[in-house]
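Okay, so chain A shows up in both of these, paired with chain B first and chain C after.
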Partner chain A sequence: MSEDLAKPGWKQIPIAGVPFKKATEYHTGDWRTFKPVIDQSKCTKCLTCWIFCPDDSIVWDGNTVQVDYRYCKGCGICAEMCPVKAITMVKEE
Partner chain B sequence: MSWINLRELAKKRSLFTSGHRLCAGCAAGIIGRLVMHSVPDPKHVVVVHATGCWEVAGTIFPYTAWAVPWIHNAFENAAATASGVELAFKALKDKGVVKKVPDIIVFGGDGGTVDIGLQSLSGAIERGHNFLYVLYDNNAYMNTGIQRSGATPRYAWTTTSQVGKVIPGKLEARKPIANIIAAHGNAYVATASPAYWRDLMEKARKGIEYKGPAFIHAISPCCRGWRFPPNMTIRVAKLAVETCAFPLWEYDPETREYKLSPPSLAIAKNPKLKKPIEEYLKLQGRFAHLFKPEKREDLIARIQEDVDKEWNQLLELCGIT
Partner chain C sequence: MLALNGDEAVAYAVKQSNVDVIAAFPITPQTIIVEKLSEYVANGELKAYYACAESEHSAISMIVGASAAGARTFTATSANGLALMHEILYIVSSLRLPVVMAIVNRALSGPINIHTDHGDSMAERDACWIQIYCEDAQEAYDTVIQAFRIGENHKVLLPVMVMLDGFLISHTTQNVDVLEDEKVSNFVKHRIPAEIEVFGKKVPLTLNPENEVPLTFGPLDLWDYYFEHKRQQEDAMEKSREVIRKVHDEYAKISGRSYGNGFIETYNMDSAEYAFICLSSTAGTVKSLIDKLISKGDDKLGLVRIRTFRPFPYEELPKALEGVKGVAVLDRSGAFGAMGGPVYNEVRSALYDSDVHPFINGYIYGLGGRDMTMEMLKSIYDDLVETVKSGKPKRKIEFVGVRE
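Up next, the complex of A and B:
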């Protein structure tokens, strides 16, 4: 009994669950079956893929469009919506 | 020039970050990014979440995909929580603790908005709190496994409106939630589709800047629940607008006028552009029973009739006849 009393009570418990880690530490890229590959010679840098990427994994540095494979789940929206068909979905080996 | 300059905007990382665990191809992630990129001041924003897929997938303990202050309370009280947040910041501002009241954005799914959270949302709008409520409408309770909701369209298959010999999916029509909110009279209301991203971002900015309650009803195609391949999300969101199953419009509380947005206005001006509803239905597996084993022309005609009726009503509201 005295041991139980020594345990922290409800007043010590945080009032709500607080997620404290950044989701970016969790790499969702390993969900992928097909990966998008950008043909840089066809790419017109219209950034349509960037708009429609649900995972924010299209990276634009001001010059080229790249895919951040750490997070890309391989949904294929970018390849479907690319107006010049510069993105192809390639099966992961 | 518009504030939307893609090449500049794309250099910024989203406030809803990568690493969230929404399904591949989920439209909620796209809507979230577009809305968060429309925030005028990223340092002064608070996000409130109703329970739903997005709340769960965005913040799986101990991870959070939100780079802004974020609060989740329960299914039924997202709007009430937002009211509290607004009042708390107002009190802190009066005491001189904070300099300004942040923009408050609420995200809720159709279950948490159309069914469970409707009373708290209606109350918060009536009280005139200053917040933007974004409803991402995936047409069912997708988080718990595709159960029918008040937003599920007629004849859609869900796990609680099974398709069989007796019934062809959900028998009832969906609730016109955006019209219900517009009927309050004091809220800025808009419908949006992620396929028309510029339109969605402009509406989000307008909603945030409006001094009072704002509500955006965004269609959020769900590849798992609607049964289509994940790469077709945006195509489906686009067809919903092109077939007038989900027309885009705005309601201005100051003039009390409804206004069609450009993609739908083009259809109103040239009715030839309006695609038959069949094109929208046949992409989705939840409507597969309308096409297989034999084509149910009667049921498709009924859905088309619903769509036409709602569309004509909307045209009347917008003063186009």
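Up next, the complex of A and C:
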């Protein structure tokens, strides 16, 4: 993948496979094929999606429910569990 | 000078090498090594932690933890025990843990067999462990001591396997010239963990929560970094060549003993037109044959014994074989469906890019502990001479000593 070529080479990273950056700096959202999109007009803010998200990627911004796309891997559990079908999975471009 | 068998010689070397943790599970013909070590620990001669594991998989896994924590570690196994460790061997090398392990070569089941061949360690030749094959108990003693210095060198940081032939060496008593405890201790010293830089800080590469930056060992490593870590392992293997040579030469200075250049050992190669290539104890029988031939006026056969199989001495081999017309490569393990045994394949590959192109015949022998006699070696020599005369190299694998 082209974005991998921009990452550090084998001479630049520590040996033995030890992590050299924090887990929060490793954006697992890169893995996503389908992204969850929330229709805010349907969302009742019940936060069922927040309960079920295995990657802690549903965030409450104080007013609405949002997805943290840096970490969302696109598993689709939120869309499956949403009681009002406010979340649809849209294929990434 | 002590009368020791190969296993006892290995245990004696480990006792003198300031080892911190030993975890082991007994398996014939390696058992004497770990029995001896447990005695040394029990009677206070060796101040190390000795862990009895419930399997080889557990033994090597305990070693992973201890070595990651910074300990100097040792274990030993054979055949099916090594096969059970297989999964963890790759983890040891990828975590860059300088574990030293003695392998007493034994045929892999099945059918079940306890005698020597090299099928067990050859199956692990791509696990990124340095592999050194020893001819006798003396060399096994000397090599175990060297192995700690090689693996723990900060340019290397790879595990090392030291091989000796089951029963032929492991259970055969010979005079072993051991060094004084202090001499060995000064040579191997104590393990000093490497340092790495993470988050802008230099920290010991150890599993220690008190590190200024505590490290995680063995996290998920996907398409985006795994390949780079494997490339680093290959780099370490390449860098180990210089270290193996240096440690071998330095050890020669304190012991008066050397094994060729540390990679290959040659015998009567100055006048040789034909050469045998083999590993381990068979080299002793080949040397006897060469002596016998010389006494009868034939000095045309020489030997190149490969001592270090990983990293493979692809630069040293062509030089050693210059001027040779025919080479017989002896493999004590099968490679079913391949174009011959592993040593044969590596030797042929090493010569391809060189200017040295003798006829090369591959012979598989000694599986499951079948003897390799002087007569059998002589028949291989005759076969090799015939090949060169006729100009027709063998196009199929030759099996020596098997009943038709």
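Heads up, the rule we're going with is that the second predicted complex is superposed on the first by the 72 of 93 C-alpha atoms of A that agree within 3 Å, B and C clash if a C-alpha of one lies under 4 Å from a C-alpha of the other, contacts with A are read in each partner's own complex, and residues count from 1 in each chain.
Assume a contact is a pair of C-beta atoms (placed from the backbone, for glycine too) under 8 Å apart; a residue touches a chain by one contact, two chains touch by 3 or more.
Being a predicted model, the structure only gives us computed values, none of them experimental.
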Touched partner set for A:Val37, first chain B, second chain C, both or neither: neither
Partner chain in contact with A:Val90 - chain B first, chain C second, else both or neither: neither
Chain B versus chain C as contact partner of A:Pro14, first or second or both or neither: second
Greater residue coverage of chain A in the superposed arrangement, chain B or chain C: B
First (chain B), second (chain C), both or neither touched by A:Trp60: first
Common interface residues of chain A - those touching chain B in one complex and chain C in the other: 17, 19-21
Chain C - residues contacting chain A, complex: 94-96, 157, 194, 196-199, 205, 215-219, 221, 223-225, 227-229, 231-232, 235-236
Contact footprint of chain B on chain A as seen in their complex: 17, 19-28, 31-32, 45-47, 50-58, 60-62, 68, 70-71, 73-77, 79-81, 89
Chain B residues touching chain A - in the complex, by the definition given at the top: 6-7, 10-11, 13-14, 16-30, 33-34, 58-65, 194, 197, 223, 229-235
Residue ranges of chain A touching chain C (in the complex, touch as defined): 1, 4, 7-10, 13-21
